[in-house]
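These are the structures in question, set out in turn.
Shared between the two complexes below is chain A, which pairs with chain B and chain C, respectively.
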Partner chain A sequence: MAAETEHGEIEGFGQVSRTVGTVFRYLLLAATMFGIVTLAVLLVYVANDAIRPLTADSGWYLTYFLTLVVPTLLVGAYVRRRDHAAFSFGAFLVGLLVVSLMFSGGVGLLVVDVVPPLVALAFALGLAIPAAVAVVLTRNSHRISFTTRLVATTLAFYLSLFGLPGPIGDAAGLPQVVPSFVQFVQSIPVIPVDWMMVAAVVGGGSAAAVGAYVAGVRDARAGLYAGLAAFGASVASAVVGPFVGLNPVPAVVVTAVALVPTATYAWRGAFGEEGTPVGLVFAATVVGGALVGAAAVEAFGFAGPQSWVDWQFLTSSHSGSAVDAGLYPAIGGSILLMSTVAALSFPLGVGAAVYLEEYAPDNALTRFVDVNISNLAGVPSVVYGLLGLGVFVTYLGRSAGTVLVGGATLALLILPIVIISSREAIRSVPSDLRQASYGMGATRWQTVRNVVLPEAFPGILTGTILALGRAIGETAPLIMIGAPNVVFNLPTALNSKVSAMPLQVYAWSSLFASEDFYTKAVPAGVVVLLAVLLAMNSVAIVLRNKFERTG
Partner chain B sequence: MSQQNTNESNARADSSPDPTDDEMLIQTDVSGSVSSSGGPSRRETVVSAENINVWYGENQALQDITMDIPEKSVTAMVGPSGCGKSTFLRCINRMNDLIDSARVEGDLYLRGKNVYDDDVDPVALRRRVGMVFQKPNPFPKSIYENVTYGLKIQDKGGDYDEIVEESLKRAALWDEVKDQLDESGLDLSGGQQQRLCIARAIAPDPEVLLMDEPASALDPVATSQIEDLIEELAEDYTVVIVTHNMQQAARISDQTAVFLTGGELVEFDDTQKIFENPESQRVEDYITGKFG
Partner chain C sequence: MSTDELETDLTRQTENSPRELLTRTFFFLCAALSIVTTISIVVLLVTEAAKFFTITAPLMGVTGKTASLVDFLTGTTWQINSGEFGVLALVSATLMITIGSAVIAIPLGVATAIYLSEYASQRARSVLKPALEILAGVPTVVYGFFALIYITPALATVIPQIGTFNMLSASIVVGIMIIPMVASISEDAMSAVPDDLRQAGYGMGATKFDVATGIVVPAALSGIFSSFILALSRAIGETMAVTIAAGSRAQFLNPLNPASFLEGSLPMTAAMVQLLLGDITGGGLAYRSLFAIGLVLFVITLVMNVISDFVAQRYREEY
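Let's turn to the complex of A and B:
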């Protein structure tokens, strides 16, 4: 009987209706695309208002089409067909250059207008010296007990930053007996030129990073040479800068933050192991095309688009007329807020995540905390604003609307997100590795430090950057804590008033609402905000792809 | 004489027609740890378990395990899945402490010291008892760092280069990796990874080496390499290995413990005796493949 049925089925394959399935599938596709398409349409409108591509000469477009688009497409297609890895490398190199140039803008803003170079130098040295002490102590960790190391390191930092006896002495009514190293540097009568100090701080940091990276890839000697070369490049750029129209300080910053890392990446990708020098050709075509195009447009006198997002918009502060209004204090404010938020939420969030994943016993309290962290992640941001106002301003008596209060409030806001994503990253570390470590006789702390955190770090970093992306776009908490709508100068201290990009955009569209602001300043502000956000997210995505476990 | 721990309920459930079952039970209880003298081996006892019971929550995983493991030999533990052989292995270095729901009762002596005493730090214990796991689990670090991991966390001094070379040679891996010590341990093949894990385990020079089915995730060639290696290691270390591969136990072990479902140790004797002439009918059934 059964055999007959089977036979019958095999004879005539009946038509099975798939209509419902097909309809369902396209409904799902529509649901997937709905948000993306809606947002894309909005962004096209906003970008059109902000950048106004239609105001450019046709000659301008033609020039760039010939110098940039056509060569990019041709060379790109050729390189891609020959060697896909080389194409990816070249494309990534261009992306790195663009993003790192944006970051150098942020750093430049900090060293030019926020932190005086002398203070930066003093604090950089004040941190570098005790850090060196800490490294030396760790190297000799076999001989020195943990407690001694901890005490010595803490003392070195304290002396260097605060001097002796510092705040403790103040409380006891003692004058400061020994000035801190930071004060000592600041009191040196012979002050070097600004760019020298910036080169020492920013260029030195960048050179150290490059040197360490190259030393890791090749050997210590190559690392030393690379570091020296990078530092030399930063210093040289200050001398060369004025000839190409850049002041020494910005020139140093751009070289140290953007050019040196990009060059290092290019060197590694092109001439390292499995290097693909062809990728350089592609990158050179894109960058060269853009430069040649710019030169040609200049020479022929073609006018580009009358974009509202221009140098003036990025470097001036709010003004009564939309044409003169700029976003500069808000950009700087956002950068400072983000630095504060990162400094506060990263250690707290990662610490909490490590505790909950690695240490916490499975009991009622842990489960309570578990559930409520998820709840906290969903609490509306305006409530966090109220919390910040209540705790920091009313209760602790800090003045409203400052960098510190704003940063702390936003840090509270993203803390649950940081904790959740960090826990996710820690949980994804295979338990095999923990077992192996414990099996070797490692303590919990040793296992966390040597096995879990290094393995989870990329994930933790990605989660934190995405959470910062949320914080940078928040408006409501800043309004709640009394951040001013209009700030004309960059905040220069943690307790000075701060504005932020979304807040400025909000102010333009509410307080100063007029046709002019709606069509000029607001779209331009949105474009800048999104560009910064995308730059941050691209860093997160690159980190995730780079460190993703391969097998 | 073989050591038996057969309780009444199992005796009833069992079809084993052994009329002296109850007498045997009494005998075992009386003889206790003395059994090592007439037991499977005449070597000095390193690990000695007395009435170990383990529960995971409500489920009892091990029932009254009493056995003495002699030094510098290979002791195999065989049995069907879920019989508690891995659990017992993890009792020796107190890895069960890491599982919240696990509860261990009884005494387990390492060279005469009860490791479940309050004054024993499980971390210090694990530094004396190395462990190799079922799945190769090298750290995502260089081969060199993998081998020196134990030395570093234990703050042991010494010439690391020399120890790395020595350990990798003992793990029969040196010739294959000596030129790529700075490359990631994850780039090795499965069999090489497991030998790297063995090198990592023996680098700090433990007294006992526990191996939890070390070859079950490997292909036949890698398995035979690991087996040769285990036999060599037994010249210097006390090796306790869990396996559910009968032939493997027969090939490499000096004495074999047979665990059966329910977490009882049914028979523990010289390997030859277990495989040729087991006392218990259930062990014979299991070994000849009638179940399990």
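Let's turn to the complex of A and C:
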């Protein structure tokens, strides 16, 4: 009170100027837009340099405008007005098809060029059989003690993958007595054709996934039929493929990885409960428009844009001249690195998050680990590179620049991010669910496995994909561990030298600096890298929106 | 007896059954890995850096070429070939990047945070926030390329004397890169300001402008400052953008002189990359200098992270 009377009379009401507020508001908006607009302009520039849209015939644009753009807009507007859910289902379906086609390219690269089909088949069988043993043992878990099951499962995997006495015997100097199942499969004198083995591995995996999904949605019988149908489609595509200009192996991979899952999703979204078949019309318009447009362009002989991002760029390796240079070994390297990083950081990160959220007592050690993880998240990536160089290469004596060293270094780099996001996902599981589980007499591990992890899984997956997106763009740690700037072949083993997409882009823009590379190869590399990142992030965002806990 | 059976049934799955012990141990080891990582980083950096300096090398049992600690910390020339390891040349370049990116990211980031937290509609937020996230998600090597190929030539039309490699364009892209970090942490702090304070302001006849600048920003100040420190520590550790755009010739520049932003120099992180690209033998002097720079970098970023945490905790207004 005293303070107010000291100031004397009130100066008056009603003289508030709106100008200051309005100016301030638009200044803030301008500041917010600054970064976004700058980046957008830069992206337009790089896309223009890489794809060169102005080099296409005007007829090419006109054809696609008539077959793709106009029908998409018309049908899209109609479907959207009638049923918004159907529209988003259709748009999602198209997105799924595009992303899964990209993904099938990666899988094809893995099972054909990195791992020979025979080896892939041998390992798939070598893992499937002990996994089946483990499932049978778990089904009968009430009769066999946990320790027995653990030992039996471990033995089954060891025998199947390594044989007897295996690497342990190697270390002790014993000769191999029983060959491993993996070796046995590879030594069979009569081997099937490549596409059959690819169909067995990739088609089989995809059919199992589809079968399990449908069995979960409907019932076991429907799941079995769906799985068989999916497998049949993969096999059939190898026969049909050559007629539409695809070799059997790529045809099988594309069908198994892209078409079968998309078709399953389309079936579920259109004819499942609350299905919206209208969405299919929209998706069909887009895909059909693109196909018709491609056929028409071919027929009329219109030339498309002379993009630097073309088949040659994606499938050839580095060259001294920018026109012939390609990204193939770097793409393969990035795929292998990301697989290694995911395989290492996912279990370790989720494990640490589960410990900190579900097991850790509230003591000094836990708080220390907590602070430690958030500090690790702030350590610059070059320092992680030094860690990889000093520990893995110099101290442990692994050779520099390999898939394993690079993957392990990047995994350590993103581990704090995976842990932090997994903890958030686990924390958002309502504690009612845990209490209910404990109330039923479940132990801590049973609660974690049956309640916490399934509930938190979408969140954990989203966080991990975003973290992988960070890892795929990292260059500095790879340089630090001695990854070579130029790799001409795909890495085929965990201890072969690896390059990666961002590393190749860096090499082109610094070591091979020339106007030629600046305007051709580097923009093309940037566009491919950003396209992969965009695909990964959109998968993460879709997952997050789909499973976000409401309320 | 039946009761005995019931009892064994119940105790079969206690906290100490093999399965529980195994899973708990696995999860604990995962969490312990983070401590192992930290210890490895510290031990590795300290021991390798110790082998680098004349004063500590005998303790590590290293004979051969070493460098003077005093010269390292006070020298302003970085010339590996002539054996001159003056880290100040690198630190000055890093400092320039930090100052330059702060000039861009701090005002823009805070303005973005105020807009998102006070002005933007729900719909605008749902578009703007993911768009800002993209700024932080673009790989830094791409930013470096943008700075070198598009931003520098654009700047050259305005400032003709600018070098091909210069600190200005590197600072600009690093600044853009860290805007989302300033914005998101500051916005969290602003959203945490209770609505009562705003309503009280409006009740006193304050305009929206008065409330935003006079009430929300002061109340969220600790969070805003901690976002600055975190973002700048990120700028210091930023590697690829500055490696590509800032150049490869180390020179001591006055960070406070705007004209020196037109020249190129070699920030600490870029110096590390450059060392690696040259021929360095494991265990040589150049190899160890790498860890000496790494130690300086690690200590700076760690101290900044701790300060940021401290500011956020200590000066937080409790409501």
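By definition in this document, the second predicted complex is superposed on the first by the 519 of 551 C-alpha atoms of A that agree within 3 Å, B and C clash if a C-alpha of one lies under 4 Å from a C-alpha of the other, contacts with A are read in each partner's own complex, and residues count from 1 in each chain.
In this text, contacts are C-beta pairs under 8 Å (C-beta built on N, C-alpha and C of every residue); 3 or more make two chains touch, one makes a residue touch a chain.
Since the model is a prediction, treat every value here as computed from it, not as a measurement.
By the touch criterion defined above, A:475 lies against chain C but remains apart from chain B after alignment on the C-alpha atoms of chain A.
Residue contacts after overlaying the shared chain place A:29 against chain C, while chain B stays out of touching range.
When chain B and chain C are set side by side, the one touching more residues of chain A is C.
Of the two partner chains placed around the shared chain by superposition, chain B is the only one that A:438 touches, whereas chain C remains out of contact.
Once the two complexes are overlaid on the shared chain, A:430 sits against chain B while remaining clear of chain C. Judged by the touch definition given at the top, the superposed model places A:311 against neither chain B nor chain C.
In the superposition on chain A, contact is made by A:351 with chain C only, not with chain B.
Legend: residue contacts after superposition of the two complexes on their common chain; A:446 is shown touching both chain B and chain C. In the superposition on chain A, chain A positions 441-443, 446 are in contact with chain B in one complex as well as with chain C in the other. Those residues of chain A lying in contact with chain C across their complex are 13, 16, 20-21, 24-25, 27-29, 31-32, 34-36, 38-39, 42, 45-46, 146-147, 150, 347-352, 354-356, 358-360, 368-369, 371-376, 378-383, 385-387, 389-391, 393-395, 412, 415-416, 419, 441-446, 448, 469-470, 472-476, 479-480, 482, 485, 502, 505-506, 509-511, 518, 522, 526, 529-530, 533, 537, 541.
Within the complex, the chain C residues that touch chain A are 10, 13-15, 17-20, 22-24, 26-35, 37-38, 40-41, 44-45, 48, 107-108, 111-112, 114-116, 119-120, 128, 130-132, 134-135, 137-142, 144-146, 148-151, 176, 179-180, 205, 207-209, 212-213, 230, 233-234, 236-240, 243-244, 269, 272-273, 276-277, 282-283, 290-291, 294, 297-298, 301-302, 304-306, 309. On the chain A side of its complex with chain B, the touching residues are 142, 361-362, 430, 432-433, 435-443, 446, 450-451, 454-455, 549, 551. Contact residues of chain B toward chain A in the complex are 93, 95, 98, 100, 123-128, 130-131, 133, 135, 137-140, 149-150, 152-155, 157, 186, 197, 200-201, 204.
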